[in-house]
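The same subunit A turns up in both complexes below, where it pairs with subunit B and then with subunit C.
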Partner chain A sequence: MDDDFIELDRVEKVFDVRRKTGFLRRERRSVRAVDSLSFTVARGEMVGYIGPNGAGKSTTIKMLTGILTPSGGRLRVAGIDPSRERTRLARRIGVVFGQRTTLWWDLPLIDSYRLAHRMYRIPEVRYRENLDRCVELLELGELLEVPVRQLSLGQRMRGDIAAALLHDPEVLYLDEPTIGLDVISKSKVRGFLRELNAERGTTVLLTTHDLQDIEQLCSRVMVIDHGRLMYDGALAGLHEVGESERTLVVDLERELPPIEAAPARVVRVEGPRQWLAFPAAQSAAELVARIAARYPLLDLSVREPDIEAVIARMYAGGTAQDEAEKAVS
Partner chain B sequence: MVDAGARWAAEEVPGGRVREGVRAYFLIAGMWIRSTMAYRTSFVLMTVTNFATTALDFVAILLMFSRVDALGGYSLQQVAFLYGVSSTTFGLADMVIGSMERLGRRVRDGTLDTLLVRPAPVLAQMAADQFALRRLGRTGQGALVLTWALLRLDIDWTPLRVLLMPVMLVSGCAIFCAVFIAGAAFQFVAQDAAEVQNAFTYGGTTLLQYPPTVFATELLRGVTYVLPLAFVNWLPATYVLGLPYPLGLPEWAAFLSPLVAAGCVGLAGLAWRAGLRSYRSTGS
Partner chain C sequence: MGAGRLYVAVAAGGFRRYATYRAATVAGVFTNTAFGLILVYTYTALWDERPHLGGYDLAQAVTYVWIGQALFKTLANGGGGVETELMERIRTGDVAVDLYRPADLQLWWLATDLGRAGFELLGRGVVPFVFGALFFDMALPADVITWLAFLGSVALAMLVSFAIRYLVALTAFWLMDGTGVIQMAWLVGWFCSGMLLPLNVFPGALGEVVRALPWSSLLQAPADVFLGRADPLGTYAFQAVWAVVLLAAGRMVQAAATRRVVVQGG
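What follows is the complex of A and B.
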């Protein structure tokens, strides 16, 4: 059971969308938000779950937490069917919604924790231990007596994460845990999650738009688009599959016609500055050497592909492939 | 390091869902009371305002009686009796679960989901949401008017009439609670229906503050047989006051209030379950 701690077998979620087409006329249409999704997550894994907006990420998380009932397929978390035993599952999972705090706005932070203590019936000793640990690692000590409304976004996020962990959840779902946070807060949150996973063996599933979250935390990444799993594996592999490109930004001494250095191609020119896209797999050093030999360089920098672009290209590639298959058959 | 075996595992709790719901309700309501106490002056002002604004309803009745001696055959004291029961029961229901009318908003902004990941029934969490002790203002005001009416009225107290008083108050409160729950359940389907709900809750209590004799028979039938608000006070109160109920129902109908209340709560509970199930399958 530890290998398929979270288990999805051809899970589907179909929504009926009603659209107004006339004064009283409505058109019904089904939208397949999650389409025959299958994967398993082992206990103690830390998985990034990414995809463009509307790809089905939130719907998946909502089914995993028991908020939504799947339309088809089989789904188990720690052996529990989330939609049937929502409250039983709730005692064993922790959920952090990045943009919706569950803390009590007008009360000191500690009051939210005391409520969790009683609502989850956490034994006194466990509560003390967990709280002390979270306070130490998330640096909440001085914030405990501060009303939540006075906390900064980063402080509140740390507070929310602690609140989700006091009852020793076996799995933690994080929906955009670093959204809107500054660099320091991000690194604190990431450091804490890494430690939590390493020491407690808590299974972590996180959705994010920030590639760095994945890079620094997750050994495994799943990409979903149009409700289907597009990729499941290591982050490095994603770049290859997605045929992603890195960008070389070159500052020349003066304005010049676009640089020629195939396979790299100029994607943008702004005065003496030019942007070149080249395959992520190609060595930047070799490209820089070639350009330096022929052009007067002042400065340059290499930009890694951003995840949205990788996913976008991946999806575009997917359709191209589909069409190619259609053309053949 | 916590492994599966060492888990302290608070699984399902003895006593079941109802007990767990009530427990969660008090925990959350307690948090809201503490939240309001963070702004103590504001709380006092709001309670006084609540008392005063609801009292204006009764002032309107007093003004009417400065021109007439009776309303639909009811004296001022008798109308005050109806008013007192209606306001007290509604005020209590409104305080206990009135915030359920915020359900539509929670569905729209997605915060209902945060309740669904907690180990407590959503109904209890929703009922305790935004618990406002200041709503005691309305109940207190209603109770005052009711006390005044009881002191001034010359009621022929039989054991049955005495018994009917607490039965009426509890049943009335339960009927209003059922209306709140059913209204909230409807908001799963139509998220902007809070106003429709208000027509039945606030509208209902205002209706019941007046004697049944001033309304048209069709309306009376509606609130007796369809949405049985008449069982909150009209039917039991006419029995206590020794007045005839306009629809010519037998006398024992006054004692049906607890049954009607139980039926209403049962139906509202079913509606709530259906609503929540539909939310969990559609996500909206």
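What follows is the complex of A and C.
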């Protein structure tokens, strides 16, 4: 049970989209937002869930909270079928949307917390403890009496995170929790989440476009595109899957024609400086030795692959594959 | 019991949210009073010409005007309650947040709207009414029972009013842009609740029909209880039937709507 705290087995979600094609004429089309998606998340895991816009991330989260019903497959959170028992599940989960708020816009922050106290029927002592803890760690002390509409985006975000945690949820879904935040606010939010996961063992599923969120928080990352799981594993493993490349920057004594050192290839030349891309798995030392033997070398540096570039390549690959499939069918 | 306390807290929040905007309240009180004056003089001219129009004498007609102004925002006959906010949340997809809560969507918004209505009654209703009573000859009930019976009818009117506007708001799930529906609801609500003229004035079949429609629960019904022209229990029954029917309809539409939540902006 604890190993598959969240469990998806060939889950699908198909939307019917009606499009106007003429006067009173409608064309019906099915869009497969989530396509045979299977994964499990163990209790206490912190998982990054990433993908380009429209990949099916939010649809997945909506199904996990029960506000969307899957078109097919099996889905369980803590043993509960979310869409059948949305309200019962709601007491055990927390949801934070970077771009939406659960807080009462016109009223002081504390009023929204008092309401959560009632809504989730949190025992008095528990409520006090959790509130005090959130207030301390998220630095909300001076904000409690301020109407939400007067808070900055970063303050409101921290306020929303606290609101989602007062009832000790076993799992927390975060959708873009650091969107639009400045560096300091981001680091505060990340620090808090790390501590929450470590101390309370809260399971966290994090959707983001900010890969630093993933690098700093998640040991596991799932990449989804076109409703399908493209990658599931450690962040480091993405490099291999994404066929990532490292870059060797060499400064020569003078301008020379592009260096020949296969499998590395020159990707850019700027005066005496040249950039060579080579497979991440290949040893840089051997490559450097070969170049140094044949070229007048002044200086060099190696750049590690950029995870964003890796993922971008993966998305592009997925699209290309889709195009190919379409062309065949 | 726990759930009851939640919705009381939601209603209290609704009350306080509307109480936040003091300048708007003051401006509203002024508007209601000014509009009441315009109507009073119009009615006076009309009743001079046609005494006992609709069975009211002039004092009753004037009382009717000030009751209308006192209840105008409370019952949101012409709209302006929580439905605007709910429609906006549906349009932007923020309604997803409401659905994540372990609470019932309809009860949640009902509680919010009752809190709002309570504030509007005290904040915007009392002053125009007292103004009318001070400066005009009004037919005020002599006994406390009638006053209480009137408040009972107002409470039921709040339910019917919410039930209508909730249905209006839910259309946003299908239409996305609710401007047209809101305007329709405003026009129908304004006329059919008796805000323009008491419904008793309308003759023949038109009169029969508008008096049977749910909107007559909003102003005509409590006003007639106040003026001692209607039996409170019969009025309550009429209002309660509409409240139950419309709230049930709201639940059915809500179920259909949430089944098709393709919440916007995923």
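Quick note on the criterion: the second predicted complex is superposed on the first by the 251 of 329 C-alpha atoms of A that agree within 3 Å, B and C clash if a C-alpha of one lies under 4 Å from a C-alpha of the other, contacts with A are read in each partner's own complex, and residues count from 1 in each chain.
Quick note on the criterion: a contact is a pair of C-beta atoms (placed from the backbone, for glycine too) under 8 Å apart; a residue touches a chain by one contact, two chains touch by 3 or more.
All figures in this text were calculated on a predicted structure; none of them were measured in a lab.
Peer 1: Return fit or clash for subunit B versus subunit C, each positioned on subunit A through the superposition.
Peer 2: Clash - subunit B and subunit C, as placed by superposing on subunit A, overlap.
Peer 1: A:201 contacts which: subunit B (first), subunit C (second), both, neither?
Peer 2: After superposition on chain A, A:201 lies in contact with subunit B alone.
Peer 1: Determine, under the contact definition given at the top, whether A:91 touches first (subunit B), second (subunit C), both, or neither.
Peer 2: Touch partners of A:91: subunit B and subunit C.
Peer 1: Comparing subunit C with subunit B, which touches more residues belonging to subunit A?
Peer 2: It is B that touches the greater number of subunit A residues.
Peer 1: After the superposition on A, what does A:168 contact: first (subunit B), second (subunit C), both or neither?
Peer 2: So A:168 only meets subunit B here.
Peer 1: Have a look at where A:104 lands relative to subunit B and subunit C in the superposition and call it first, second, both or neither.
Peer 2: In the superposition, A:104 touches subunit B and subunit C alike.
Peer 1: Touching subunit B in one complex and subunit C in the other: list those residues of subunit A.
Peer 2: 15, 59, 62, 65, 67-69, 86-88, 90-91, 93, 95, 97, 100, 102, 104-107, 111, 115, 118-121, 147
Peer 1: Going by the contact rule at the top, pick out the subunit C residues touching subunit A in the complex.
Peer 2: It comes out as residues 2, 5-6, 9-10, 13, 16-17, 20-21, 93-94, 96-97, 99-103, 258-259, 261-263, 265-266.
Peer 1: Inside the complex, what are the residues of subunit A that reach subunit C?
Peer 2: Subunit A residues touching subunit C: 15, 58-59, 62, 65, 67-69, 86-88, 90-91, 93, 95, 97, 99-102, 104-107, 111, 114-115, 118-121, 147.
Peer 1: Write out the stretch or stretches of subunit B touching subunit A in their complex.
Peer 2: Going by the criterion above, the answer is residues 1-4, 7-13, 20, 24, 27-28, 31, 34-35, 38-39, 110-111, 113-114, 116-121, 277, 280-284.
Peer 1: Please output the residues of subunit A touching subunit B within their complex, sorted ascending.
Peer 2: For subunit A paired with subunit B, touching residues are 15-16, 59, 62, 65-69, 71, 83, 86-88, 90-91, 93, 95, 97, 100, 102, 104-107, 111, 115, 118-123, 126, 147, 167-168, 170, 199-201.
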